[in-house]
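Both complexes below contain subunit A, partnered by subunit B and then by subunit C.
Coming up: the complex of A and B.
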């Protein structure tokens, strides 16, 4: 047989690796590795299985909400109300169980459902009334928090039965229960974004919404879906949070929206829409959590830690911008 | 168009729903008070309070130790120990004062080192993560002031299981999640001191508003609950106008006090300020509005922030305990626990310059009665 050189030559492994390494996610992953190695030299308590799994437990809520946030930011939108939805879900869960006497299983479903509805209302106004996402979710950031305080009358619901804590405090096959949930969600929604029509539609909307509309995409339906999805995931995160800390308070999840958005943007999603990926987001979530933990373990106090995290965020974005612009010049 | 209208209507309804409970006034007991049982002290001023205090101590001695048990670890009696102090947050004067007291105690003892580390905002989850990291890092003891009594409990239990001693101060957790709690002043004592001061200044038929941190903050909620109980028993003619949230935020505290002044005008005789941020800013609002004579500000605050208002005569009484002593006592209690000198069932513990402190409520160490700062003594304090 004569060997022929096929014109569209498959890239060699080396080229693939090089391509992967200078991608947004690749650069970030390298920064994460460097940080982890550096922190591991500072303290031997950091790079242990127990500690890393515990950090997985702590980052699950932010990670779960970061998935729909990536979807939303890819379309050029934003959702600031996720922390308030988390709080509302927690309060509805505790209130329906303790005050209305729902069975706990039903209270969990009602809680998550109310989070989903809260997200749906966001989406409805953004799509039907045309309120910009920033304004709408800024309004519901206050509105949902107010609802949570109003419903709870500032009282906490406590004293859940033992099985309720399995999700937030238990383990399954040696790994924190909620981390399984995060891993499954990341795989499923990562594939959906990268490989399906829905995913491609989101990128199209983010790159050119008008163009997407004229191309026959049902833009409104997609947008309504992702904001509802965001409410749903915030609701699930709320349930996990209550299970982890064993009480409900109306101030739960305050400020979590900023942690989530920081992780998503750090993960390479453009705030103007059109680019981004779930693997990038997850590397962002993990990097922030490990920095927080590793710095505390090596004796840096919390106030200095947030300064370092802010600096790393800026540094990572600068490095990535530099490499990506070099890459597009080539 | 119709649809837009319908959606707008739904939002308006939602807003109304959210607004209703928040705007309800005091008479519906929308006051931030929680549901736990209250224990108001007997009415009256001064000496009677001391008697009552002693009676209570007798009652409390009946209670068995209900704190947690630390897992067996190395015997550290008399050895150098490393402690971490995790207050609700860092960067405010109050916890700077408790930290100062801890450092004083550590210096006196000579074999204790304390590091203070906490989130820069009073956030339950951040606090849990900080404590968890210190458990992993390995310390001999944890001092804490809880942002939420229940939420903090699992991580503290984890510390006890790891053989780390746990002592709380300022804000308690569930009793079995720590060994001892240094109680700065009992809730009913503070409540009585506050209400008595207002009634003394403005009469037993005064009307007042409250500026608190948030309705969920445990200390503030307990004080308000006790104030409610004490006032309804001893001063039934006091009128409770409204309770407003101001986080622990200076600008917001000022605005909320202003809201009370503008909203109730002549009807407002007094403002209770429940945080060390709300009191000076509430006093500032009253002073700027020029109503010092008509509105008495009574609140909890550290003396330095209140000196201008007390010295100018705008504020008569500032109620508090000494946070420096509080931090100091916490370290002494921790040292005594580690040395095995202070054990469940003991009725008192020796705390350096503070002398012997009594045990109340099973597993709490009482710092003493609340302290009232006035123009006569406030300049003697610097914290």
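Coming up: the complex of A and C.
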């Protein structure tokens, strides 16, 4: 013990780089680079600016929801209802506009608000009643989807005005509009997680909820907030989804929760809570999207694509586990 | 009967654990068909001794003789085979299995069916009924799941299980701790029944009245040493208490004289049954108030009522004379209360995080600017803590898990000092801490009270610590406050008597 008390010194640039490279995010980033280079040799349609920007468009919804999902998984929780909230938001948006005659701006706000309330209800039951997050959100996964289907009565809303498509189909400074939104959200919420009291509290809760409570942290308030936030972001993603595909259907976002959770876990967030980061999550989101796209372009059938993605997931997690356990031994 | 050779005899038993000489040349013997009580304070070595008798631990030196034969138990199974069964405090039953299955766990009667051996359910259930009948228990359904039974019935199942193994010596570790009064009565009659049948019982208890009601002889241990064995008929409560506590207080705790100021904390009729009943007391600035009592007497629970973990059902908490409502720990922290909990790993720290992150956890608000945590400020705080409490760590970024127990405890203390509390509740502040860290924590407590006027409420199970550190001593028993002593009048005997004796409660209630 005592021999270790040498005075602390600032790490050199080389050490910093080495540290970054063997971090969870670093390892994942290298895997991503290798995959991209490999896919680029298989087809020349993959590594083009147009194609990559297009992929950015497709991954925004998963990316936006993955941010609050990272927060939630860091606390040791889970939210399975995000896809259903996305669908519910889309339906409320279309229904209030087309059936109730709301101005479209108000319909958008109402849709996102209903998503936020759906998340708040999740949080309320988890915090106040003590329902485990897995059970609560599994129940609302069904419940919110059912609501969406009930409201829509299997009709789809279409015929939106031109300006409505700007977010989902337009560009700003040569980059898909919604990708700007994702980039801004990643920066802001990445910094919030890494640097603010909220972020610190989430890590403390995930590592030891009792200890956090005994230290006077307002654990329940934080938990309620992140599930509400998850509903809000799923709502925003729902709006973008509708804007991108020009129509509203009640089955929108079905299964998206699995893509989101896969990206978060691939990004190095422990499913048991306590560790994780937004940069890791985003690398996870990008990696999965690029693999899907690159393999399809290379002429791999969609069944085989899923198999490859699953294998890469397992491989990436194994490599990371190996490196992290070697690292903690040192 | 008295001249007969003992059934079980232990001689010159020694056992060490890292840093502790748990048993020092201990003697012990049990006669056929007697109830032999084993008493002593927490940490006296009772548990270690019964674990040696039941084969969980092996002694380093000394001999165990069973019916005059030298025996050696390498594991609990061998002791069981020799006829020694233990009923532990935390009952070792399978809640999802039936009474009969539990009784015959590991030796169920079987029958052959061609190639297979299957459990003979009929014989097992009849056997279970017969065993229970031997204990005069006729109202227990042997097919019921154990999880559906109350504590008293579960204990009866444990005893039947021991008998199914033909136990000749039954060890009971605090068997009445969780029982209701009527269950205690029934347990006593079972114990007497077994004694008549020639089963010997080693009976561990903190309750002296039980010793007098039930036991034939009583052996006292203190700090791992054998103090003596008396016939219960020839001894008295006060003699046993002085045997248990007759320890000299080493001058380990150089307590500074402090100027006692205004009342900081006052609680009136605080109530949250079962372990906090009508508690009223006060703590003044600069004062260290010791809260003594046996394990399970409600000390920690009362502290947690004040800290908002287990909010009070009724009663008043006043801080600096003002009534406050505390429903959760965050409110207690805001009112200037700190709590160093008993369970350091689970409640006191987030051990996977760094020293820096732990020391600032209760003051995150004040080390943040516009909700951004100021890491430089945190590091300054952590370095200050490392110096103030001489925490042996590589620096602020060390993961708390990698520190020794004593240094982890110092991190908990530093977390609360950073919050600049008016009242600090310390629950077993030096448990599991090495001697050096212990005296440093004591020095710090004394200094904080004397120089900064901090009010400290200290819970401890070590009487020397209570006597050495406290300006005033409160004693709890079964959820009630049963005694209050000034530093001058307190002695180990007085406090131990209040902690353990039924009479103390009655007299304090009568005088109240």
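Everything that follows uses one rule, which is that the second predicted complex is superposed on the first by the 323 of 330 C-alpha atoms of A that agree within 3 Å, B and C clash if a C-alpha of one lies under 4 Å from a C-alpha of the other, contacts with A are read in each partner's own complex, and residues count from 1 in each chain.
Methods note: a contact is a pair of C-beta atoms (placed from the backbone, for glycine too) under 8 Å apart; a residue touches a chain by one contact, two chains touch by 3 or more.
Owing to the predicted nature of the structure, the values given are computational and were not obtained by experimental measurement.
Undergrad: Looking at the overlay on subunit A, is there a clash between subunit B and subunit C, or do the two fit?
TA: fit
Undergrad: Angle at the Cα centre of subunit A spanned by the Cα centres of subunit C and subunit B: state it in steps of 10 degrees.
TA: An angle of 120 degrees, rounded.
Undergrad: Identify the partner contact of A:249: answer first if only subunit B is touched, second if only subunit C is, both if each is, neither if none is.
TA: A:249 sits against subunit B, while subunit C stays out of touch.
Undergrad: Return first, second, both or neither, reflecting whether A:99 touches subunit B, subunit C, both chains, or no partner chain.
TA: Neither partner.
Undergrad: Report the partner of subunit A that touches more of its residues: subunit B or subunit C.
TA: Of subunit B and subunit C, more residues of subunit A lie in contact with B.
Undergrad: When the two structures are overlaid on chain A, which partner does A:274 contact: first (subunit B), second (subunit C), both, or neither?
TA: second
Undergrad: Figure out whether A:200 sits in contact with subunit B (first) or subunit C (second), or with both, or with neither.
TA: Once the two structures are laid over each other on A, A:200 reaches subunit C alone.
Undergrad: Mind working out whether A:171 is in touch with subunit B, subunit C, both or neither, as first, second, both or neither?
TA: Touch status of A:171: no partner.
Undergrad: Is A:15 in contact with subunit B, with subunit C, with both, or with neither (first, second, both, neither)?
TA: Once the two structures are laid over each other on A, A:15 reaches no partner at all.
Undergrad: Which partner does A:215 reach: the first (subunit B), the second (subunit C), both, or neither?
TA: second
Undergrad: Just checking: does A:147 make contact with subunit B only, subunit C only, both, or neither of them? Give me first, second, both or neither.
TA: A:147 contacts subunit B only, not subunit C.
Undergrad: Considering the aligned complexes, could you tell me the closest Cα pair distance between subunit B and subunit C in angstrom?
TA: 14
Undergrad: Which subunit A residues qualify as touching subunit C in the complex?
TA: Touch residues, subunit A against subunit C: 1-2, 4-5, 8, 195-201, 203-204, 207-208, 210-218, 274.
Undergrad: Residues of subunit C touching subunit A in their complex?
TA: On the subunit C side, the touching residues are 307, 309, 328-330, 332-334, 339, 341, 346-353, 357, 361-362, 364-365, 368, 371-373, 392, 394-395, 404, 415, 419.
Undergrad: Which subunit A residues qualify as touching subunit B in the complex?
TA: Residues in contact with subunit B: 43, 45, 48, 50-51, 54, 58, 121, 124-125, 128-129, 143, 146-147, 149-151, 153-156, 158, 169, 241, 245-247, 249-252, 254-255, 292-293, 296-297, 299, 301-303, 306.
Undergrad: Would you tell me which residues of subunit B are touching subunit A in their complex?
TA: Those residues of subunit B that touch subunit A are 3-4, 7-8, 10-11, 14-15, 17-22, 30, 32, 34-35, 90-91, 115-121, 123-126, 128-130, 132-134, 136-138, 148, 150-151, 153-154, 214-216, 221.
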